[in-house]
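Below: a set of structures, written as structure tokens.
Here come two complexes built around chain A, the first alongside chain B, the second alongside chain C.
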Partner chain A sequence: MNMKLVLATTFAALMAAPAVAQDGDKLKEVLDRGYLILGSGSTNPPWHFMDGDNQLTGFDIDMGRLVAKALFGDPDKIEYVQQSGDARIPNLATGKVDLTCQFMTVTAERAQQVEFTIPYYREGVGLLLMEGGDYADYEALKAGGSDVTVAVLQNVYAEEMVHTALPEATVDQYDSVDLMYQALNSGRAEAAATDQSALRWFMVQNPGRYLDAGYGWNPQTYACAVQPGDQRWLNFVNTVLHEGMTGVEFPFYSASFEKWFGTELESPQIGFPVEYK
Partner chain B sequence: MNFTLFFADLWTARMNLLNGLGQTVLISVGSVFLGTLLGVAVGLALTYGHWLLRFVVRIYTDFLRGTPVFVLILACFYILSVVGIDLSAFEAGVLALTLFCSSHVGEIVRGALSAISKGQTEAAKSIGLTFRQSFVYVLMPQALRQILPTWVNTATEIVKASTLLSIIGVVEFLLATQQVISRTYLSLEFYLFAGVVYFLVNFAIEQAGRFVERRIAIPN
Partner chain C sequence: MDYDFNFAVVWRNWDLLAQGLGLGLSLAVLSIAIGTGIGLIAAFGMLSKLRPVRWIALAYVSAIRNTPILVLILFTYFALPQMGVRLEKIPSFIFTLSIYAGAYLAEVFRGGLVALPLGLREAGLAIGLTEFRTKIYIIIPVMMRNVLPSLSNNFISLFKDTSLAAVIAVPELTYYARKINVESFRVIETWMVASLIYVAACYIIASLLRRLEARLAIPR
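Moving on to the complex of A and B:
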């Protein structure tokens, strides 16, 4: 059954029904309740997944924790709604969650149904190489022409996607992530093309074995989302995220970024605000 | 397949998986129990009800039996909350499965009751039994023997349908398994494991059903 279609239909039915009662003061509601209801997934590392101790964790979860910390001074005051990717928009529309942070790509279509916060990450495709392999970086891969084989997860657009960056490369498609990485390990492929976040997370888990070719393309913006119509709540979440990336909560944001993506962020420049540069 | 890693990860994730299995059992037992109660009422209404009641209940069963469980689950979770009934994901899921189960049990009960020949009811009447008495002492014992095998079948269907609750965020056994897979990448091993566990649960239900069938069988 086409899950997306069914959900879209359900959603259309919801839109036709009278809007969910809303008094327009979500911030007060959440503060009075004493905890944040955060919608996120549980099956996509490093974004949102169960760690070995059976706790939800990941970069998305940390963004929710940042908001909870701002609300209650305690990042643990969260009730999680573990939702599938398809449930992100319906759960916001029906008010089942206060906030969704679930690697949600910002698109104009979605922006008509939910209200996006400011972005907290920019996703893109990157190339993973073996440390000490024949090709040192993106330039070398490009110069390699059709001698270079790129492993990629099977997808209708996979070939086109790889050829955007490496027009002459040979593309081998694989059914699953582990097979793709195996192709790289065994030398059947010189590079693996995958999401930057997945690539970084893989490098964090296997230190010293892999290399990022240093080229990213196919940009996608990830933002949290709220139910439309409550500017106060949206402003609040925006402020929290913004100060996480540029202000007092920068240590929280950057520690999380380094934990999941292995990169130490440069502290925002002091003096003239970075936003206007 | 890497079974050394699998067993290590299985041990690490044991609590998560056990919780998931607990949810699956709770959802299934709850839905089958409530669905059976409701289903018996539906079956009785379909067999002995006033024509108007029969008509309404007929629409109810046909509608539910003709709708994918998946759609029922989404409807209970989302549409009900729009009209102001705010059920948790767990409650909405159990409600959907209960409704689905009741429609099937209703049909099973109706079928079993109508399969008993009319002579039985007439004989019961002729020895002076009231309708209640003839139902309890004559019809129900015979119908039960008919109902049991198909009822067991419905119960196993509900166990399998409970996996669909993962879509609305109930961490039942399948979602718990997927959570482990997403961390360990051992997809084949853990899906195989999940398959075996679901089989064992359903096998246990079927064996229990057979046992009861043998106990209540009319001795030759």
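Moving on to the complex of A and C:
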């Protein structure tokens, strides 16, 4: 066999090999490059969106900044790849991004295609009420039975979703989020059922106007994700997120949490590690 | 187009669609009935000898006819309660569509009234009818026959406007179609079926009105 041909075939085979990282390569690659390539969106406050100065901001972005800070001591050393929701998995698979933080719900199906980090938020559905309205909290809404109208974004199983929490409530489905909030504002609905994060963000933006009914259900976990196959890189990101939520970077994480969700987190208890409680 | 049609998910919900169509038709019939009353009053108002009456009728027709119906629906449903007027979902929509229909029909009726020969009114008064009775027994019936073709056009248009009730979560045909669409992801099929139902319903309304036209036609 011709030596040249062998070389050519080997080369072609190498080129065609999927872009699966070798253990340890990614961390070195990112450190050598000098900045992190973060995949996220730009249209979903408070997760990832453009602020007044046209800069990406939000809770997802802050998670990426936490990782950049851990890598380079500078949270701004990030190159953003703005991607739509359906590009999250492909861009990881092809190695276009080092890390994706884009309110990604952890599912077993997705976990077969990407590697999820540890969670950084638990999303769920909550009920938004008007401050000083007829119903003070979840118990009151439940007692109100079918007199209570709940506005919700039209979606698959929207009615069943509301009825899980309030079995007798009347459900009005609107086809946009602003109509849903308008229904609440004009007294057309006693409560609006929406994602906890959206509800919190809405309350941060309109202080003193709304109340959280204090009940959450339909849990789903948000985590960042990396390309599968590089345990070293995954461990590194996990460690950064973990220390953000429990250790030295807690002030960074909790400041961000308070900024976007309006809740001050309790500092992790000193002594026995909180995560094993 | 490489697409496998699947109408089964849509047909499975035919009861919802039928229910929605029923509600849509009821909304239209009620609103058209009320709107016809408002339209007649406004038409006579615009032709009144009294300047303030003329002015009020004209202001009503201009204000309503020049506002998009969707804006009127949202205004009545979301803004009026905060101004102290609270109508429930369905009455709120019927109210809006009636007011809207009134403004359009007023122009149709005004056209019909202007086209009537003056002799009709004079004849009525000559045989001793009052001004009001002349309107009821002579002017309106003759005018109605004349404007029936353009009235049919408006009726069909108003029936289609009931699809906008979906915005304020009134469960009519479009609302259910949207719901089936979101739940089945059968976008093409759902909207195709909804369109066909609208076409069929409008066709039936139009042919009924045409038969009415033929029966009431003034022999020439």
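As a working rule, the second predicted complex is superposed on the first by the 253 of 277 C-alpha atoms of A that agree within 3 Å, B and C clash if a C-alpha of one lies under 4 Å from a C-alpha of the other, contacts with A are read in each partner's own complex, and residues count from 1 in each chain.
To be clear about the criterion, a residue touches a chain if its C-beta (ideal position, glycine included) is under 8 Å from a C-beta of that chain, and two chains touch if they have at least 3 such contacts.
Note that the structure is a prediction, hence the values are computed from the model and not measured.
In the superposed pair of complexes, A:Tyr174 makes contact with chain C only, with no contact to chain B. Legend: residue contacts after superposition of the two complexes on their common chain; A:Asn44 is shown touching chain B, with no touch to chain C. When the two structures are aligned on the shared chain, A:Ala183 is found in touch with chain C, with no touch to chain B. When the shared chain is aligned, no partner comes close enough to touch A:Met130: not chain B, not chain C. In the superposed pair of complexes, A:Lys96 makes contact with chain B only, with no contact to chain C. A count of residues in chain A touched by chain B and by chain C gives the higher number to B. Applying the stated contact rule after C-alpha superposition, one finds that A:Leu27 touches neither chain B nor chain C.
Once the two complexes are laid over each other on the shared chain, residue contacts for A:Val204 go to neither chain B nor chain C.
Of the two partner chains, chain B is the only one that A:Gly52 touches; chain C does not reach it.
Using the contact criterion defined above for the overlaid structures, shared-chain residue A:Ser84 touches chain B, although it does not reach chain C.
In the superposition on the C-alpha atoms of chain A, no part of chain A is touched by chain B in one complex and by chain C in the other. Against chain B, in their complex, chain A makes its touches with residues 1, 3, 6-7, 10-11, 13-14, 17-18, 20-21, 42-45, 49-52, 54, 81-84, 86-87, 90-91, 94-96, 176-178.
Chain B meets chain A in the complex at residues 12-13, 15-16, 19, 68, 70-71, 74-75, 78-79, 81-84, 89, 166-169, 171, 175, 178-183, 185, 187. Here chain A touches chain C in the complex through residues 151, 154-157, 172-175, 179, 182-183, 185-188, going by the rule given at the top. Those residues of chain C whose C-beta lies close enough to touch chain A in the complex are 74, 77-79, 81-82, 86, 89, 166-169, 175, 178-179, 182-183.
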